[in-house]
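As structure tokens, here come the structures.
One chain, subunit A, links the two complexes that follow: it is found with subunit B in the first and with subunit C in the second.
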Partner chain A sequence: MRVRPIRIFVILVASLIPITLAAIFIFLTLYSWPAIQFNGVHFLFGRIWDLGNLYRNPVMVHGTSVPRGANYGILVFIVGTLATSFIALLLSLPISLLVAMFLAEGVPEQFRPALSLVVELLASVPSVVYGLWGYAVLIPFVANFLGPALASVAGFIPFFSGPVGSGYGLLTASLVLAIMTVPIITSTVYSGLIRVPREIKEATFALGATRFEVVRKVMLPSVRKNVIGAVILGLGRALGETMAVLMVSGGALNYLPGTIYSPITTMAAFIVSQLDSALQDPTGMAVHSLAEIALVLLMIAVLVNIVARALTGGQGHIAYG
Partner chain B sequence: MKKHSSNLASKSAALLLSMVVGLVAWAGSANPAQAADQVTLLETGSTLLYPLFNLWVPDYTRANPGVRITTQGTGSGTGIAQAVSGVAQIGASDAYMSDEQMKQNPDIMNIPLAISAQTINYNIPGLNRVHLRLNGPVLAGIYSGAIQYWDNAKIKALNEHLKLPHKKIIPVHRTDGSGDTFIFSQYLSFSTPSWNDSTGYGTTISWPAVQGGIGALGNPGMVQASQTNLYSIAYIGVSFHAQIESAGLGTAVLENRAGRFVLPTPRTVTAAAHELLSKTPTDERLSLIFAPGAESYPIINYEYAIVSKRQASPEVAAAMRKFMLWAIDLKGGNSAHYLNEVRFIPLPSSVSELSRKQIVQIQ
Partner chain C sequence: MASLTSRALQRRVYSAVSWVLCTFAFALVAFPLFDILAIVFRRGASAISPGLFTQVTNGISGGLLNAIEGTLVLSGGSLLFAVPIGVIAGIYLSEYGHGMFGKVVRFLCDVLTGVPSIVLGYFAYVTMVVELGWQFSALAGAITLAIMIVPYIARFSELELSQIPYSLREAGYALGMKERTVIAHILFPIAWPGILTGILLALAISVGETAPLIYTAGWSNYMWNGHLTKEPIGYLTYVIWSFINQPFASAHALAFAAAFLVVFTVLLINVGARLLVKRRRYFE
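So, the complex of A and B:
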């Protein structure tokens, strides 16, 4: 059989994607190897992140040269990452479903392209813009209005009780992430909803169903996989979001959030904010440990995708418009 | 969809074409003789030095058209790293390099260009016009969580004549690697043994867990965070004095090593610098924090250019020597015309001479 050159070319190009993923994984593992050996399991469960004294001579610990007092634990950042993403999706999923349902069924057909374009435009706004907006508008709003209101309404639940604090923290970061994930989830679910066959909808109407019943009982169940896929897409964005979170999270170090108003730090934001200082560590252990954070973040992201594939029945099919 | 994409393709083709035309026109208009022997220098690093470089560079390059200088405010750590790697010719840093870093990079020099100071600012309604008195142990107590309220007995003891509110203190610190964190934590370390033992100093330190304390990004972030949070306290580089004033923040009077309380003024900063002049070693790596002397302001520092002795070409080296000698010259970059704008003070003549000796080693 003769193999055409174009075929070889396409195979080569297509294999770039898995090769890149593998290369990133291998690079991160190799690069963070000294840190993996030095930190051990403590890395995942330790609450204290301390670069050590970079201005005194390094000491030898178990045969490795590290700054005096160096201690790398990232539990605080793992919790911050998962908590912000989880709360963000909790807020954005119901809103996104309602918006997608409205766009698919509640809007006259001639307005649909324009409105769905607006949603897609929102998805393409650079995250730093959301961050800046969160920084300038959302932080004072949370500190002065939303936080006190939430504390007085739901204050009997320990996680929601005051003091409300400065506006920097878990609540604001989650809100920013929620706003960032709404357009992604909305447009993915919407593109599934509009492809539900007209015959099925008409048949349901013929049975006497109201418009809402058609959407809720027929259309939504048929796009279940789209919804799961959309959530995973949103989660992917929320987990890895860096700048917007960095600007509103309050940069907590060494303690876990006590309430929803506590300052937090996420893994991605922490890598950016610490790289500058880590570069000054003459032993290089600080940079290796930051690479280990990146490795953990990558593994969480891959894990999320595997779970998503399992939930969508192994297809992992996400519909786009 | 198809119609849309072909439309897009023709639009992007037109855009590309116009860019190419523009590029050609631009290349044609540039003076070829000048472009051939023009040297480009990259400066990157400290956000505290960044405003000063932006004052220097336009004037300097107008007088010296043969050199182009690009400036970036990226943080002291980046400045050091990029000067070491050779990406940048001049790395700006508020902190000097450690002994171990110097051992690894023997070609790198730390050259002071000016002297800067840091102010401790707070936002307490009604008290921002008076200067609250603070000292190292009290600040260490606030930043470690031992002192939680503004009417704490230790703060009261320093400010007996003031009525302090029973409000929770919000300590603000930098989240990015910062020369400001370096000099602030040095002040705490040098003045408070317990802070030195538990936390120490560095461009990023492992801040003790203080519930309610917040991290901010860069000096602009520090000003914003303390402006929007009543009862907060922050440490901010003096070159941001204009922003500090327009934010209406209070500036603390700090206790120096001699036990006197002083405001950051040109006089007290100069006094502190002069106390340590004779101690400045030939490689000029010296902390000016917590200087002795009755008039000395305790948080001042040399602003460093981190440069390599070995440059890519003799032309680059010559351009760097010329620019940096101009920068430390009292008639050039160290003149009051530039430094007053950012509230820096010029290098004393003996330090200026040490810097000059280092600059001429650039080859």
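So, the complex of A and C:
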């Protein structure tokens, strides 16, 4: 067979994508290797992140030079990440399903483009602008209205009891993430719904079902896989979200959230917030440990995405990130 | 409707109430969008002044000229890398990517879009900024943004190219065209508006990105001096994040002005990209 230069050229360029992904994995692992050796399993289960005394001479621990008293545990950030993502999805899933059903069957066809544009534009708002909005609008709203209201209505449940605090914290971060995951879940479910074969809809109408029963009891169950995939895609987005969470979460260090109003930190937000302090560490162990957080986050995100793509077949949501 | 049984009535009421709930959910989703736009446009527009476009940031006041320039350099630079790679990868996926390797590339492309941007930023930090010794620089920032947007451009290009009927390619081959001629003279003229849409959407993403740039581009109060490495560069999204935390009104005004410029640009690009797709549909 003749060798076609054009084919070799496009294959080489296209392989840059897998190579980049592999490089991200390999270099993060290499760079965090000293931290992986020093921290061990304690990294995932320790609650205390302490850079140690950066002004005294480093000490040798297990043959590695680290600042005196340094201790790197990220359990607090793992809990913060999971808690915000979980609450966010709990809020955004039902809303997204309702919106997807509304767009697919609830509105006349000529209004659909305009209404789905709202959802698409919501996906295009940069995360730092969500953070700005959260700071300017959501935090006062949570501190002065939503928080006190929740605490007085559901305060008998320990997780919801006050004090409400400043508005920075788990609740606000979850609300912002909920809004950010709505477009992902909605568009994935919606693109599944509009692909449901016409015959199935017509058969259900012929049985005397109302329009809502058709979309709720026949169409939605038939795209169950899309729904699960959409939720996991949304999870991927929520887990890795950085700026919006950083700006509204309050940046807790070294303690686990006691109530829904507690300040928290997520892994992604913590990496950004720590750059300056970590650079002060002459041994570099803090920067290596941050790389280890990035590695953990990468592995979670890749795993979540593999599951999501496998379930949705990689369709219908390439425009959202 | 006198013959309606109570069960049928119940079902109708249930359906009607559910539709109201759906409409309410939509309103609940639309409200944040309009509120974000309203607050950014109201507080941002009032902070817009000619000085914004003629002065550099000075502490917590001054203008945004350095940040505007930086955003243009970083996003434009990222397109220089991402467009050729993304479009060619898209050609590969659409024209040759039906085997095992094509499936792997397509899948990893989707996985790469799901990698949190801060992870990309930290990867770029340890490789380019630290190990290669580029320090905070325009090149490191632009390459990081390029890694982020390549998969979008690739998948969009693939989608556009794969929608072209196979008979057009066969017609080209029947005339004795080479593969590269078919791609350049048959497929590309048809697919370019769609590919351009993908590129524009990717550009919008890069304009709004913050987290990876903090670790790669740094921040600078001055105009970019044209050095690709060892010279930090400013960008608009940094102003939003950093200045809103300052307790000064002038800093807040700058943050909202920057947000106004970013949101306005992103929306303009998004709407423009959609119009491009629509126009193409009419002419086909």
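Operating definition for what follows: the second predicted complex is superposed on the first by the 304 of 321 C-alpha atoms of A that agree within 3 Å, B and C clash if a C-alpha of one lies under 4 Å from a C-alpha of the other, contacts with A are read in each partner's own complex, and residues count from 1 in each chain.
Everything below uses one rule, namely that contacts are C-beta pairs under 8 Å (C-beta built on N, C-alpha and C of every residue); 3 or more make two chains touch, one makes a residue touch a chain.
Only a predicted model underlies this, so the values are computations on that prediction, with no experimental measurement involved.
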Inset, instruction - With everything superposed onto subunit A, say whether subunit B and subunit C fit together or clash. - result: clash
Inset, instruction - Based on the superposed arrangement, let me know which partner A:A294 touches: subunit B (first), subunit C (second), both, or neither? - result: second
Legend entry - Touching partner for A:L28 - first (subunit B), second (subunit C), both, neither: second
Inset, instruction - Considering only the touch criterion stated at the top, classify A:S277 as touching first (subunit B), second (subunit C), both, or neither. - result: first
Legend entry - Touching partner for A:M247 - first (subunit B), second (subunit C), both, neither: both
Legend entry - Superposition-derived comparison: subunit B or subunit C, residues of subunit A touched: C
Inset, instruction - Determine, under the contact definition given at the top, whether A:L121 touches first (subunit B), second (subunit C), both, or neither. - result: second
Inset, instruction - State whether A:L54 touches subunit B only (first), subunit C only (second), both chains, or neither. - result: first
Inset, instruction - Could you give the residue numbers on subunit A that contact subunit B in one complex and subunit C in the other? - result: 135, 246-247, 275
Legend entry - Residue ranges of subunit A in contact with subunit B within the complex: 48-51, 53-58, 69, 71, 135, 139-140, 143, 163, 165-168, 246-247, 249-255, 258, 262-263, 265, 273-280, 282-283
Legend entry - Footprint of subunit A on subunit C - complex, ascending: 11-12, 14-16, 18-19, 21-26, 28-30, 32-33, 35-36, 39-40, 43, 84-85, 88-89, 91-93, 95-97, 101, 104-120, 122-123, 126-127, 130, 147-148, 150-152, 154-156, 159, 178-180, 183, 201, 204-205, 207-211, 214-215, 237, 240-241, 244, 255-256, 259, 262-263, 266-267, 270, 274
Inset, instruction - Flag every residue of subunit A that touches subunit C in the complex, lowest number first. - result: 4, 6-7, 9-11, 13-18, 20-21, 23-24, 27-28, 31, 94-95, 98-99, 101-103, 106, 115, 117-122, 124-133, 135-137, 179, 182, 186, 210-213, 216, 233, 236-237, 239-243, 246-247, 268, 271-272, 275, 287, 290-291, 294, 297-298, 301-302, 304-306, 308-309, 314, 318-319, 321
Inset, instruction - Enumerate the contact residues on subunit B facing subunit A in the complex. - result: 74-78, 80-81, 97-101, 103-104, 168, 170, 173, 175-178, 200-209, 211-217, 224-225, 228-229, 232
